[in-house]
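Next, two complexes with chain A in common: one pairs it with chain B, the other with chain C.
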Partner chain A sequence: MAIIDASNVSRVFPMPAGPVTAVRGVSLTIAEAEHTAIKGPSGCGKSPLLHMLGCVDTPSAGTLLFDGRDVSALSDRERSLLRLRQIGFVFQRFFLLPMLTAAENVELPQAEAGVPPGERRRRSRELLDYVGLGARADHRPSQLSGGEMQRVAIARALANRPRLLLADEPTGELDEATGEQIAALLDRVNADGTALVIVTHDHELANRARRVLTMRDGRIEREDTR
Partner chain B sequence: MAGAVLSAAAVLGAQEAQPPILVSRQLAALERLAVGDIVELAADARGTNARPFRIVGIYEPTPDPMRLGSVPREVRLHLPDLLALTRDPAVPAGSEHVEAINVALADPGDAQQFARDVNARLPGLVARPTGAAGPDNPFIVIERFHLAIAVVTIVAATVFLLALTIMLVDERRETVGVLRLIGLPVRRILTQVLVEGVLIASAGALFGLALAAASQGLINRFFQWRYDTALIFVRVTPEVAATCVAIAVPLGAAATVAASWALLRRGALRLARR
Partner chain C sequence: MTAGRRALAFAWRSLVRQPARATLGILGVAAVGALLFDMLLLSEGLVISMRGLLDRLDYDVRVTATDALPGTGPTIDGATGVAAAAAALPSVRSVTTLRIADAAFERGGLSTRGSLQGLGGTSTRRPWTLLRGQDVGGAGELVINEAGARQLGLGPGSSVTVRASCSDQREAAPPVAFRVAGVVAFPFDSPELVTAATTANSLAEACAGLGAEAADFLLVASKGDPTATVADIAALPFALRAFTNEQVIGRLEEGGFTYFRQISAVLTTVTVSFALLLITVLLTVSVNQRLGEIAALRALGFTRARASADIFAESALIVGLGGLLSLPLGVLLAEGLDRILKRMPGIPEQLHFFVFEPQALAVHGALLAATAVLAALYPMWIVARLPIAATLRNEVIS
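The block that comes next holds the complex of A and B.
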C-alpha cells in the first residue's frame, strides 16, 4: 500500500490582495522505500506540496491519504503524532535546537515518542555514527559546520524510524562538496528502506531520484522515472 | 496610672516622699532623666501649681500611628496626682467628672457590647472600645487606599508582565516551530510552558518574599530612627506572604500560557521561519 495517496490536491492561501493558489489539482502516490524528487522554479508550489505530504499543512481541496487515513479529517494532535512517529523532516536551515547537543537533538523526538532513556541514548549514538558524527555527539550546533548540522538534522529525522523522509532543499545552504556528501547520505537512507521525497532547485540532486516530478504554476508538469 | 503630656521643670535632689511617676524613654533621653530623680511638674508652661515627683521607671510608649512625627515626651502619674496637679485651686476636690472612657477588655470581642451597655446605663458618658474600627476610622480609610494602590499596581504589573512574556516567548518562536514540526502537539508544548511559568513565577514570588523579609528590618529600623518610635512600619506576615504567592504564581503562569497560546496559534512553518 502507498504511504501517501494524494488525489486532485490544491492549496489556496488567503492573502490581503486576494487568494493565491500554490498547488492546483495535484495527484500522486508515494510508495514504501520510493525515492522521489520534486523540482521546479521558485514559487511553483514545491514546498507547499511537501508540507501537505508531511502533514504540516492540509489541502484546501482534494484528498490526501497518509497510510489510508484522510489527513484533513485528523485533528492537529493526530497530525502531530503522525509527524512524530511516521515522518522525518530535513530542512534547508537545519532547525536544530541550539541549546541541545547533537545527541540531545536526536534524542528529543524519541523522548516525545516515549522511548526509554537508555534506549534512546543508544539509538542516538547509533544514528550519529550512521551519519558519521559519532565523535561530535556532545557538540552543540554552534560548534558544528553546516554539513555537520545537516547530518545531525538527518539523524534526528530518522530517530523514530519514520516510513517517510521529506527533505526541503537539504543542500541549499551547503557548498558543492558538502552538498554531495549530504546527497549521498540521503541516498543511503533511502537504500536502507525509508521512502524519500526531496524538494530541490538542484537538478543534480533531483536526478539522483528514481522518480522526478517537475512542477510549474502549482501543477505537476512532468514526471520522469528511471 | 493616667497619661499626661507635661513639661519637666527641674531636677531636684533625691527625696523619698514625692509621688511616683513614669517617664517616657524619649523624654528621659531628652532631659537626661534617670530612675530615682526628682522632677517638678506643672500643668502649664508658667509652672503654675508645680509639684515634685519621683521617677520610678522609664517606659516605651505604645506607638501611635496617629501621632507619627511628634516625639512622645510624656509622663504617667496616678489619677489623684494628675487631678491634684491640673485642678483649678478654686474647684473643690472630688467635683471632677468623667465624660468619656475607653474600653479595653481581655477579649476585644466583648468590648463593643460592654461599651453599649455602659452607654445605655450611664447617659452623658461616652464609652467606646479602644481601637474601634468604624468605616470612617482613618486607618480603615488608609487601608482602603492601600488596597486601591495594590490593585492598580497589580493590574499595571500584569500588563507589563504580559508584554515582557510575549517578548520572551517570541524569542523562542523558532524553537517552538521546530518542536511543532518534529511533531510535538500544541498541548504538550503548552504543558511544558505552563510548568516553566509556574516554576519561574514561584521562584519570583519566593525571591520577592525574601527581599521583603530582608528589607522590612531595614525599613523599620530607618523609620523608627527617623521618628523615634517603636512603631512597626512594615511586617511581612504569613498571610501577606500567602496572598503574594496566591496572586503571583497563577498570574505568572497565566501570562506565560497566554503569551505562548498567541504564538502557538500560528503555523509551525511560520514559527520556524523567522
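The block that comes next holds the complex of A and C.
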C-alpha cells in the first residue's frame, strides 16, 4: 500500500510581484520501503514538493493522501502528530539542538511522543550505535564533526520508527567522503525497511535510489527506475 | 514527565545555552522587581506604620474641637470638664487631655527648642515609654526624650529651665524650673526634636496660667468599641469631633499620604512596563535567532502549542528567578530608601515609609506573573505563526 499518494498537486506562493508556482500538477506515490530521489536544478520545486510530502506544507491544488488520509483536511495539530509518529526529517543544516547531547537530541521526538524515559534512553543508545556514534552519545553538537552531526540527525529522525524518512540535501554541507558515509547510512536505513525520499543536487547520491525523479519548472520531467 | 515539566526543562536548557542573555534577563527582572516590591511597600507603608504608632498608644479615639487633625486645629476649652463628661460615658474606659506648647529648654549654658506636653484627665496610662528614671510624679517634674537628654546632658534627677510659649503670639512665659523625673520615648519622636511632658497643671504653671483649661485634643480609650465611643462623644453637649484611629488614618490617606500612593502607582506602572519590554525583547531576539531550529522541531512533530509553551516556560523561568532575586534586593533597597526619607525634618523615628505586609508580596508575585505571561505573548505568537516550510527554505538560502 502507498504511504503517500499525491494527485495533481500544485503549490503556489504569493509574492509581492505576483504568485509564484513552485510545484505544478505533480502526481506520484511513495510505497513502503521505497527509495526515491528527487533531483533537479535550483528553484525547480524539489524542496516545496518534499515539504508537501512531509506534511509541513499543504498543496494549493490537488490531493495529497498520507496513508489514505487527505493531508489538507487535517488540522495543524493532527499534521504535527502525523509527522511525529510516521515521518522522519533530515535537514541539510542538521538543526540539532546545541544545548542537548547527541543522546538527548535523539530522545527529544520520543519524549514528545510520550515514550517512557527508560525506553527512550535504550532506543537512543541503540540508534546511536546504529549510526556508529555509540561512543559519542554524551557529546554536544559543538563537539561533533559535520558528518557526525548528520548521523545524529538521522538517528533523531528514526527515533519514533517512522515509515517515511525525508532528507533534504542531506550531504549538502559535507565533504565528499563524509557525504558518501551518510549516503551509505541512508541506504542502510532504507534497506532496513524505511521508505526514503531524498532531495538532492548530487547526481551520485540521487543515482543510489531505485527511482529517480527529475524536476524542472515545478514538474516531474522524467522518472527513471532501476 | 508531563508536557509542562518537559517545556520547563527544555526552557532551562535554552537559558543555560545562552548564559549572557539569561543573566541579563534575570538581573534585569531582579532590579525592576526590587523597585516594584519597594513601590508596593511604599504605597501602604506610611499608613500601616502610622496605624501601628496610633495603636501602640493604647488609645483608640481622638477628640478635637474641629475637623482638623489632632494638634493642628483650635484647642478644646474647658478640657477638664469635657474629659470628666467623656470619662463618665459607659463606653469609655479612660480619658487623657493633652496640651502641647512650644518651649525653650535651658541647662547651664546649653539651650534648645522643642515642645512641652501637659497631660491631664482621668487616665493613669501615659502615651510614652519610660526608658530611664521614673515617670512624672508630682508638680514641677517632667520627662524628656532622648534627643532632649542628649542635647542638654540631662538625666533623671537633673534640673532644667523651661520657657514655654503658650499663646498664639508666641510670647515666652517666665522661666520655670523643672526636675527631670525620667527619660522616655514618645511614639512620634524624631531623632533631633526635643519633646518633654509634664502634668497639665505644671504646664499651666509654665504658661503662667495662660490657657490652663485648654487642651489640643483628648486621647480616649474605649471599652472595646471605638465606633460606639465616637457616637457617644458626639452626643455630648460640647462642640467636639471624635475620630477612631481608623478614621484618623482615613483622613491622613485623603491628605498627604495620597502622594506616596500616587507616586507608587506611577512608578509601579513604569517598572512593570520596563520588565515587560525587557523580557519581550530578550525572548523575541532569542526566538528570531532560533527560527530554523524551531521550524525543524515543528517539522519533527512538535505541535504549535508545544513550541509556544517552550517560550512561555522560558519567560516564566526568567521572571520567576529574577522575581525571587528581587525580594532580598528589594528589602535592602527599602531599608536604604527608608533611612534617606526619614532624614527629612520632623519625621518620627518610629514611622517607616516602607513596611512589609503579605499583601505586597502577593501583589508583587501577581504582577510579575502577569508580566511573564504578557512578555511571552508576542514571541509565542511568532512561534505559533511560523511557516515551517518557508522558514526551512529561508534557512538554507541564508
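The definition used in the following text is that the second predicted complex is superposed on the first by the 226 of 226 C-alpha atoms of A that agree within 3 Å, B and C clash if a C-alpha of one lies under 4 Å from a C-alpha of the other, contacts with A are read in each partner's own complex, and residues count from 1 in each chain.
Please note the rule applied: a contact is a pair of C-beta atoms (placed from the backbone, for glycine too) under 8 Å apart; a residue touches a chain by one contact, two chains touch by 3 or more.
It should be emphasised that the depicted structure is a prediction, and the values quoted were computed from it without experimental measurement.
Taken together through their common chain A, the two structures put chain B and chain C in a clash. Looking at the shared chain after the overlay, A:V20 reaches neither chain B nor chain C.
When the shared chain is aligned, chain B and chain C each come close enough to touch A:L97.
More residues of chain A lie in contact with C than with the other chain of the pair chain B and chain C.
When the two complexes are overlaid on their common chain A, residue A:A73 makes contact with neither chain B nor chain C.
In the superposition on chain A, A:E112 contacts both chain B and chain C.
Once the two complexes are overlaid on the shared chain, A:H51 sits against chain B and chain C alike. Of the two partner chains placed by the overlay, neither chain B nor chain C lies in contact with A:A184.
Of the two partner chains, neither chain B nor chain C is touched by A:A31.
Once the two complexes are overlaid on chain A, the chain A residues touched by chain B in the first and by chain C in the second are 51, 56-57, 76-77, 80-85, 87, 89, 91, 93, 95, 97, 108-109, 112, 156. Within the complex formed with chain A, the chain C residues making contact are 1, 6, 13-14, 16-17, 292-293, 296-306, 388-390, 392-393, 395-396.
Taken in their complex, chain A has these residues touching chain C: 13, 47-48, 51, 54, 56-57, 76-77, 80-85, 87-89, 91-93, 95, 97-100, 108-109, 111-113, 117, 156-157, 160, 168-169, 172. Touching chain A in their complex are the following residues of chain B: 174-175, 177-178, 180-188, 267-269, 272-273.
Touching chain B in their complex are the following residues of chain A: 51, 56-57, 76-77, 80-85, 87, 89, 91, 93, 95-97, 108-109, 112, 156.
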